[in-house]
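Labels run A, B, C, D, E and F following the written order; every chain starts at residue 1.
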Amino acid sequence: MTRAFYIGRFQPYHNGHQYVLERIAKTADAIIIGVGSAQLSHEPENPFTAGERILMITGSLKDIGMPLYVSPIEDIKRNALWVAHVRSMAPPFDLIYSSNPLVMRLFAEEGVTVESPAMYARDLHSGTEIRRRMLKGEEWEHLVPPFVTSVIREIDGVARLREIARNDCDGENGRDDHSL
Amino acid sequence: MTRAFYIGRFQPYHNGHQYVLERIAKTADAIIIGVGSAQLSHEPENPFTAGERILMITGSLKDIGMPLYVSPIEDIKRNALWVAHVRSMAPPFDLIYSSNPLVMRLFAEEGVTVESPAMYARDLHSGTEIRRRMLKGEEWEHLVPPFVTSVIREIDGVARLREIARNDCDGENGRDDHSL
Amino acid sequence: MTRAFYIGRFQPYHNGHQYVLERIAKTADAIIIGVGSAQLSHEPENPFTAGERILMITGSLKDIGMPLYVSPIEDIKRNALWVAHVRSMAPPFDLIYSSNPLVMRLFAEEGVTVESPAMYARDLHSGTEIRRRMLKGEEWEHLVPPFVTSVIREIDGVARLREIARNDCDGENGRDDHSL
Amino acid sequence: MTRAFYIGRFQPYHNGHQYVLERIAKTADAIIIGVGSAQLSHEPENPFTAGERILMITGSLKDIGMPLYVSPIEDIKRNALWVAHVRSMAPPFDLIYSSNPLVMRLFAEEGVTVESPAMYARDLHSGTEIRRRMLKGEEWEHLVPPFVTSVIREIDGVARLREIARNDCDGENGRDDHSL
Amino acid sequence: MTRAFYIGRFQPYHNGHQYVLERIAKTADAIIIGVGSAQLSHEPENPFTAGERILMITGSLKDIGMPLYVSPIEDIKRNALWVAHVRSMAPPFDLIYSSNPLVMRLFAEEGVTVESPAMYARDLHSGTEIRRRMLKGEEWEHLVPPFVTSVIREIDGVARLREIARNDCDGENGRDDHSL
Amino acid sequence: MTRAFYIGRFQPYHNGHQYVLERIAKTADAIIIGVGSAQLSHEPENPFTAGERILMITGSLKDIGMPLYVSPIEDIKRNALWVAHVRSMAPPFDLIYSSNPLVMRLFAEEGVTVESPAMYARDLHSGTEIRRRMLKGEEWEHLVPPFVTSVIREIDGVARLREIARNDCDGENGRDDHSL
């Protein structure tokens, strides 16, 4: 019984994630997905809430054919505690997939090997590119699963992204920039 | 499409929860379960981690026959922010079930009605009673779904509860009692 | 130009506070009021939000005849930092009034003397007694300024207090007791 | 009885804010001012404490002729909770003025319309420009109400800004840059 | 090269601790002492700051004859992260001494055995008993190393303890009891 | 009896620090070293944990010939509270050495003068330069005390720095950049 752990920010969840997870599903008995930076939303780099991202992921993987756990992981600004934090918020797992050097190093120092998942058309399938297209009014729907498109429509996500990405023409915005 | 939200601490998940959720499933199209006090574990009142509780719940409801979302909800020690916190960590929902007066009041002040779920043999089916039985070495397995028993065995949960429930014979424990 | 600082929790603001502040006003040129435990609300001991308490205080002192500053002070669970925290959230002050031994000690260690304000019918004029009367359905309006009664009516405060004071008959409330 | 809410960082409070608030006063019955990023001070972008900013604002608006509430609002690094946070720290309000797209969006998602206040000589009347002038030793006093100038003198504010704006020639400063 | 870790709250450091550490010194090459609940002070149960406790310990062990590391450990209200937290704040260690069941369990789940140190006249040599004697005006100096007595005199520690232990005769103390 | 306080981030501790502290030792009776940004590690700018840095410092100063206290100081993102925070975590001190303008200003506002320590070959002896050399594979060992080299070898520090400094080729790293 192998439970595999995969973590990402999923801003938004896209076909690249779907491709990776369908491959992981070929070798694991259960999949645990950590939704990173769960506390962030309504930011140009992080427009969607953890709950919205959980909805996108679970709906897109409803036919994965094995137990699926999707758990929000809030940032803890102390790298030395991050692995223990992830372990406390996710069911026990045996295998980890990530291509983030920091995530790989933090688990490695705990004696856990992290596998780098195969990627698929990396240049197109990145949250950065998809958010750029949403802002510019370019095509993005073909880069995400259909269910994700429906969620983003339900929550009026593109309008949200465009509004929060506007420059504050005032500068006296009542919020410190570093807090956005 | 009605998504129903139910919240509990699930220390541990038991037949009373299962009974309530199977009834909720008769009227909802999807179920969202919030695992409260997610940051707590290894305490006499909160022995299990959020990840362990997520595992118990998801396994016990694998035949629920509709989309299921199980999301850890960390305590936020500010009641006035708690509803917004829950909404950010859970997919959008239309219906809430809780019998906690505070939860009911907090949602009510947001204009949301909370329904009190029917209960089942309340005296037996409470986390407090089950933890008491675990400590005393009495029967508890018949009060929880079989999958929960297997999880608690996998994580050696009863031994954990007994050890952390022992009084600190020292009193100089390096931890403030209020932090335990 | 003497600015006097007075701190309380004001759950709710009552005639005892009003009595003390009217006396302080006789000797000071400006009054700064710190609303303590500002982050707490919707609890039996702390039913009202900081904003609601600020409203009660400012309205009751609108004829005080000198500059009035009412600032919420969130708890900081580190006593050694508390004085610096208060100073950062309040305009500069020269005089402090408090009858709380901890507050007196913390300022004293910073070399500041704290004066104990004269009290007025202490047994009746305490937040504890007023909250008890609200819960029991006894008379309480005569113990607070008329403006406070109007605020508590506007926010439906007595009903809030009664609901949150009910015992959770479930015990699986999704919130750790220590977080309430 | 209309209470209007206006939020800014007020680093420092200047004639542009005064202009906006005097206009808001023509249509509202009471004014609530939120002092954003209240926890920040002693930074090049945020030189003044919340208490110092409260002092500047209250003194400059002492003749506004209606109830005035000035409440510090600490940043909460979770946008989805920010509106609930503001509501808990401020008296209840009906109208909001802001020109910050994020603030507008966050309230809009709560079903509240935010009005953009008329601005006055925007290029000159910005905290950024005033802090730049303070650093360069240029004229700034004519851009703020006289009371603000007296507060900044009382707290030796320009010297503070210049010192903290100096580069750390060491680089081993005992503080992480991201914490400054 | 064996580094041994010992943790306590040291409110105050007493002869029982000294006895234990002198025995540990017989078998280890270096000693690391964690000062638990480091963020707490000015409380009846936690009167002394972390810095004051570090001073007491280092002075009492100046002749221990091996490298000594005394590191404050702030409470982290998440037991599942506590071991990682301790490891990040202390030099690497091989051996742990504690008689606190929770500490023992948390390290055990990380695969580390914790040794229970021999105790010495437990009833007398406890922080609780020493603080009780300080409050009652009874003899306590013979229960702590001479250097500890001098530190407590230097900081006027007994007077601090007595003041903060007084009941708040007001009840409107501007601090929530749970924050003390 | 003069206790001198010196603070730095010590990422890593190097000969420049050693030079400064040996000079401070000529005039003080005891030295207190604050390890700043103690909560940070596994970052390109902050690769080492507080515990690792404490080990480097204590070992390099074992012959300093006077009481030495090395205390981790976690960042507190509120400058107005920082001095009180430092005082609570360090033994009482009379003299402060720092060349950081913010540290100097914060203590100055508390009425404490901060002395700027003499520096030694500043361009070479900076953490930034040493980390750059570690990344580039250039010589760095001659810039730090021999004990520091042995600690960095023991913890495989150079490999850690190189791994975490690699760009995340994914961009979906499950961590918000601002949290790294």
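The working rule: contacts are C-beta pairs under 8 Å (C-beta built on N, C-alpha and C of every residue); 3 or more make two chains touch, one makes a residue touch a chain.
These numbers were taken from a predicted model, which means no experiment stands behind them.
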Chains contacting each of chain B and chain C, listed by label: D, E
Contact-pair overlap exceeding half with D-F, pair selected from B-C, C-D or A-B: B-C
Numbering shared by both copies at the chain D-chain C contact, with half separating same from different: same
Distance from the mean Cα position of chain F to that of chain A, given in whole angstrom: 34
Whole-Å gap between the CA centroids of chain B and chain D: 42
Two or more partner chains touched - positions in chain B: 39-41, 49, 76, 78, 80, 87-88, 178
All touching chain pairs, where touch follows the definition stated at the start: A-B, A-D, A-E, A-F, B-C, B-D, B-E, C-D, C-E, C-F, D-F, E-F
Interfacial residue positions of chain B with respect to chain D in the complex: 76, 78, 80-81, 83-85, 87-88
In the complex with chain A, residue positions of chain B that touch it: 38-39, 41, 49-52, 54-55, 58-59, 62, 67, 69-72, 74, 87-92, 154-155
Complex contact set, residues of chain F against chain D: 7-11, 16-17, 34, 36-37, 40, 45-46, 73, 75-80, 98-106, 109, 119, 122, 126-128, 178
Complex contacts: residues of chain E adjacent to chain C: 39-43, 49, 160, 163-180
